[in-house]
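Following this line, the structures themselves.
The following pair of complexes shares a single chain, subunit A, combined with subunit B in the former and subunit C in the latter.
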Partner chain A sequence: MIEVQKVSKVFDRYEAVQEAQISIQKGSIYGLIGSNGAGKTTLIKLVAGIYQPDLGRITIDGQDNFENTKVKKKMFYIPDHPYFLTHYTTLQMAQFYRSIYPNWSQERYETLVASFKVNVKKKIHTFSKGWQRQIAFILALSTRPEVLILDEPLDGLDAVVRKKVKNLLIQDVSEREMTILISSHNLRELEDICDHIGIIHRGKILIEKELDELKSDIHKVQVAYKGEVPEHVIKRLSVLHTEKRGSVFLCIVKGKEEEISELILNTNPVIFDLLPLTLEEIFIYEMGDNGYAIENIMVE
Partner chain B sequence: MPLKTSWLNKELILQIIRSTSWISILYFFGLLFALPIRMLMMYTAEEESIAQYNPVNSLFHYEFVIQLGLTIIIPVLLSVFLFRYLQVKQSADLMHSLPIRREKLFHHYVLSGIILLILPIIFVAFIIMGVHAAFNLSSFFHLKDIGYWVGTTIVLDLLIFSAGVFVAMITGISAVQGVLTYILLLFPAGMTVLIFYNLQMLLFGFPTDFYLHRNLETLSPLTYATLLDGRPLQKIDVILYLFFTFLFYVFSILLYKKRKVESASEAIAFTKLRSIFKYGVTFCTMLVGGMYFAEVQNESFDWMIFGYIVGSIIGYYIANMLLEKSWRVFHKLKGLVIYGVVIAFVYIGIQGFGFYENNVPEQSEIKKVYLTDSPRMNLDPKLYGYTFTPDALQEKSNIELVRKLHQQIINDKKINAQLPENEFMRTAFFLYELENGKIVTRQYRVDDRIYEQLFKPIYESTEYKMASNEIFHIDADEVEYLNIIGNGPGKWTVPFRIEKDLKEIIELLRADILVESYEDQNYYSGRGSNIEIFLGKDHYVYLDFKPTYKGLEKWLKDRELLNQTTIVPEDISSIKIIEWDSKEMTHPDLIEEKIENSTEVLEIKDIKQIKEVLTNAGWGRTHHYIAIFHFKEGNYSERLYLDEEHAPEFVKAFFK
Partner chain C sequence: MFELDTRSRKPIYEQLVEKLKELIMNEVLKPDEQLPSVRMLAQQLTINPNTIQKAYRELENQGFIYSQKGKGSFVNPSEESKDSEKITAVKGELDKLILEALYLGITVEELIQLVKDKDASKRGGAKGD
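Then we have the complex of A and B:
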């Protein structure tokens, strides 16, 4: 379990992360979404124990992560641009990590290398960006980390490999209860693997949600009446947003599906539709004013 | 399950070796060519050509320039490449995401570095030992010389390397690391020179040379290294250098623990150090600017101030550009203005309202005083060879005279500060030892002619003559030989080795010097024959054999040696004299030209007149007539001068 408690990080010229607060359950895949410069990478490096927070605390299973080898042995971090020791081959990198991470699994490494068909004796920097990223994944998963920290990991991978990598991640999560912190500037990219989403904007965490809960809790309602709109009923609903299109009201409503249906059907509407929202829409409405500000990062 | 954790990580060491061992290999080959191979080249030639080689002082003798270059460059290069991982953002992230604590990383890198640095030296030392044994080089150097070479090289390398490591912790840019390391290493020596030089400009009488000649080279390992082929590394310096190596090591770890990974690619990694860096650079460039303009513009005070201002501005903006990594820093004026105000106050503080400049110790306070024309006193003979240090003056009357001279120089501050350098300028160095144990030192450049009347009574006093002429400080028993060196065609060098002769000559010289006037000291110095006294191992005493040394002259004449050692009238066929009333030194070609074109030339052939001119001519700086002596033997002539006072009557009469 990762706890980021009111963490701030100031660089010389600006405050990159402000009082960020997230918590990641063991075995969950946590997606951190934000536009470029929002503070994703900084927050990720803080969790990875590379940066030291100026304020606040980051604990992993109750222990501070910074300069704590005991914690870091169970973690692996893949940066946004995979980086390897200069002129190292995959094999040399593997030996290097094997000497450092006690959970290294040679068997896993060999299986992965075989399945990705990597030439382990070739210097890594001669591979293409996409291949380098795959090698980074192979090495990371071979250390059998309890916590895997990935900064924009799917960038530059083609659809097939992307699928393969996602499957591998999900497999480790389900088999070993691995926890993943994964960042992206694109919500859609993570929609299918994350169970939790946090949105970071200008250094602040705007919202943190469990996806299943979100999807079942928020609805788009289209309703039309012949005469007066029964305001008192509408007021009893938790409405995030209303719009009038002709005689049709369009509302975004929070709450359980059955309760909303029951309430509205009792007012005898002419038209009544209850629709699910896309993830993007949910976030935009949830965040109110901020939602519009960051709309572009969702629908890229 | 307990994990087997070893302190050493083989893979990490392997990584270090993979990325930096090329430097070690380079070092090895550099040393290999500079020492063993060079030795083979020298000592495996023909027997006769080997005979020309003397035993060496130390192994630094072999290709010293290459050795020096390696010692200066290799350790810094190694520290830069080792800690490259700190300065490149991506590798800094990678290395610090690993479950390895910083101390462990640090020790792995530094200790591997030390081994990579030392191994080539050790290997080469073994090869030298092999060469030494195989070619029997004992007549050139011994095994203990190899030990000294290994030890000295390692001590210096380690200090320079650890300084590089220390700077690596402070900066986030590899290039800056290299440059700052050299600055740091030169800093103590460079700063001392800069500050003393500037104080000399700001404070009339500040004895810069007195402070600067004292082991200045040892203040920086780099300047020390440049002297290694000549003088041995001293024990105290070894201890000092090892101590600093240790200090750099400890401070490096402490800084590393506090360092932020994100400071990779920042010029200065610690925010708090940035102002120190900024104003430090400003201060240094200010001093350099002042020194440069003062030096180029003949110690002009106004130009020095100009240099201060220009230097400060340049330094301030360069430092800002480095820190901000941008050209656009010119709007930052506030820091510069505050700096200027602070410096103005410091300047007023240094001037101290004239207290320093006007201070001449009271007569009653003074125990003794040294007055010399060089502040190089009491030098360590081990480092500089033998140098003579005069005795102090203790007679009340002399102390009073020195004080009077000193006070007059201070009173003439404005004149003295503006005088351009010329042949009459001399250094007047005062060192007072006070009754309370304190020492007051001052140094001035003064024009002889202005202070002649004040110097004269001091220089003519017996106490001063005995204190400052080395001839009064030597013992005839210790003299190995004494040469009287003749100068001119048909003259010889006459050596004396018999103790009785030596005793007599020294006694006569002492007596002659004691009666010599101040004017004659100056007027006759530099002409004629010389006396050289050798006291063993680099210790010589040189004197002019002046025509006023009547005692010695008679002694030589009695032994019929005078004609061999000095020019006598019989050697000379004629003398041509012209009037030449110039205050300054004159180029010989101009004089020749003048004689050829002049209608007013006095030519003397009479032996009596020749004798009179010969005994009265000097190499003096004040001259009225030029006398060209033509010798009978060979096509040889010599030029001497006559001033108004020494000119014989018939000369004066001719030019009237």
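Then we have the complex of A and C:
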């Protein structure tokens, strides 16, 4: 559905995105995560067809997306700060979108407005940040897009609204096979709904994988021995991180669960525990492996 | 129908497979009963429909459910997969208990004797029926 092929984008001399390569299937929810300033928003704007790539190509359904109204009719982009025309009310914005999106559903719009209890005659800029975001979602979903691009979409929404919005997104994915590209700092948020994850760091895509695969490929191992630690065995594992807490070793190990278990159990540990990692932990350790480690800063 | 723990470390897909297996083994979902559609379940649980699809595929591979084109997924009435699942579970439990017994100083001979006794009484019971 969405193919980003070796795309680079340079601002002055700063290369915000370098040879990024991602591929998003139809009906998939793709989560883009990255460190601050990693190039998430730039990549998202490239996919949304707002920036033109300096190198490489981006296609949606086989067609180049930049300045392509045919492609853009099928997609909706909610930026990190939702944008509305100055002094417009929700009603006026709805009329505007209805005139440019052929798939606009008035019925849907009315249902959503009623459900979110929005006063459509009030100017949007007078609403709070959270409300503006809800209005952006109502308008986006009313256009019934095939591709929905969301930059930090759930920021500033309360728990009830977040759940409501997620549920609406899931409905569109399961019923119409809508494709979603979503970026977020809140990894917990992405963990429930995404099926694919891309990690971007300093403009480069480090990892692109199915979320379940990502999770089954990396484990937290806690192990303790009565006598000496069989270091030669531990060395054979692909360890991302080790920590010693008293006599208990805590390692982050890449690889297949069965293989790791077998190898470690053969060394007769007194304690052995193998846990999956949360997306947040995967992010931290993968970034640590790429020179972006957590430093606990001591302040006076 | 059931809840998933989105705070758990376990991938949602694995949780789904386990939950559904549990429901099938305990016959909450009866043989030949239709499973909820992917769409419905996705919406109920607010989780990605692709994840549910994947879980259903896995259950089908393991022989717990079968699918009919255009109709949906149904619980497989065959006991084979259920039994093998139970055997794996029991073996796992035994593993732990045996290890504990050995740590506590129960000898291998004693354990073997225990197993033999149980086997004999089971056979005796069977004869008596």
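Here, the second predicted complex is superposed on the first by the 220 of 300 C-alpha atoms of A that agree within 3 Å, B and C clash if a C-alpha of one lies under 4 Å from a C-alpha of the other, contacts with A are read in each partner's own complex, and residues count from 1 in each chain.
Methods note: a contact is a pair of C-beta atoms (placed from the backbone, for glycine too) under 8 Å apart; a residue touches a chain by one contact, two chains touch by 3 or more.
What you are looking at is a predicted structure, and each value in this text was computed from that prediction instead of being measured.
Enquirer: For the combined arrangement obtained by superposing on subunit A, do subunit B and subunit C clash, or do they fit?
Expert: In the arrangement built by aligning on subunit A, the partners subunit C and subunit B fit side by side.
Enquirer: Should A:171 be classified as contacting the first partner (subunit B), the second (subunit C), both, or neither?
Expert: Second partner only, subunit C.
Enquirer: Quick one: classify A:50 as touching subunit B (first), subunit C (second), both or neither.
Expert: Only subunit B is touched by A:50; subunit C is not.
Enquirer: In the overlaid three-chain picture, which partner chain does A:233 touch, first (subunit B) or second (subunit C), both, or neither?
Expert: After superposition on chain A, A:233 lies in contact with neither partner.
Enquirer: On the A-aligned overlay, A:81 touches which partner chain: subunit B = first, subunit C = second, or both, or neither?
Expert: first
Enquirer: Is A:161 contacted by the first partner subunit B, the second partner subunit C, both or neither?
Expert: The answer is neither, since A:161 touches no partner chain.
Enquirer: Which one hits more subunit A residues, subunit B or subunit C?
Expert: Larger number of subunit A residues touched: B.
Enquirer: In the superposed arrangement, which partner chain does A:67 touch: subunit B (first), subunit C (second), both, or neither?
Expert: It touches subunit B, and subunit C stays clear.
Enquirer: Is A:274 in contact with subunit B, with subunit C, with both, or with neither (first, second, both, neither)?
Expert: neither
Enquirer: In Å, how small is the closest CA gap from subunit B to subunit C once the two complexes are overlaid?
Expert: Minimum over all C-alpha pairs of subunit B and subunit C: 27 Å.
Enquirer: Show which residues of subunit B lie in contact with subunit A when the two form their complex.
Expert: 3, 9-12, 14-15, 18-19, 90-94, 96-102, 260-262, 266, 271
Enquirer: Which of the residues in subunit A come into contact with subunit B in the complex?
Expert: Residues of subunit A touching subunit B: 11-12, 45, 48-52, 67, 69-73, 75-77, 79, 81, 83-88, 95-96, 98-102.
Enquirer: Would you pull the subunit A residues touching subunit C in the complex into a rising list?
Expert: For this pair, the touching residues of subunit A are 27-29, 163, 166-167, 170-171, 173-175, 191-195, 211-212, 215-216, 275-278.
Enquirer: Could you list, by residue number, the parts of subunit C that touch subunit A in their complex?
Expert: 6, 9-14, 38-39, 42-43, 46-51, 54
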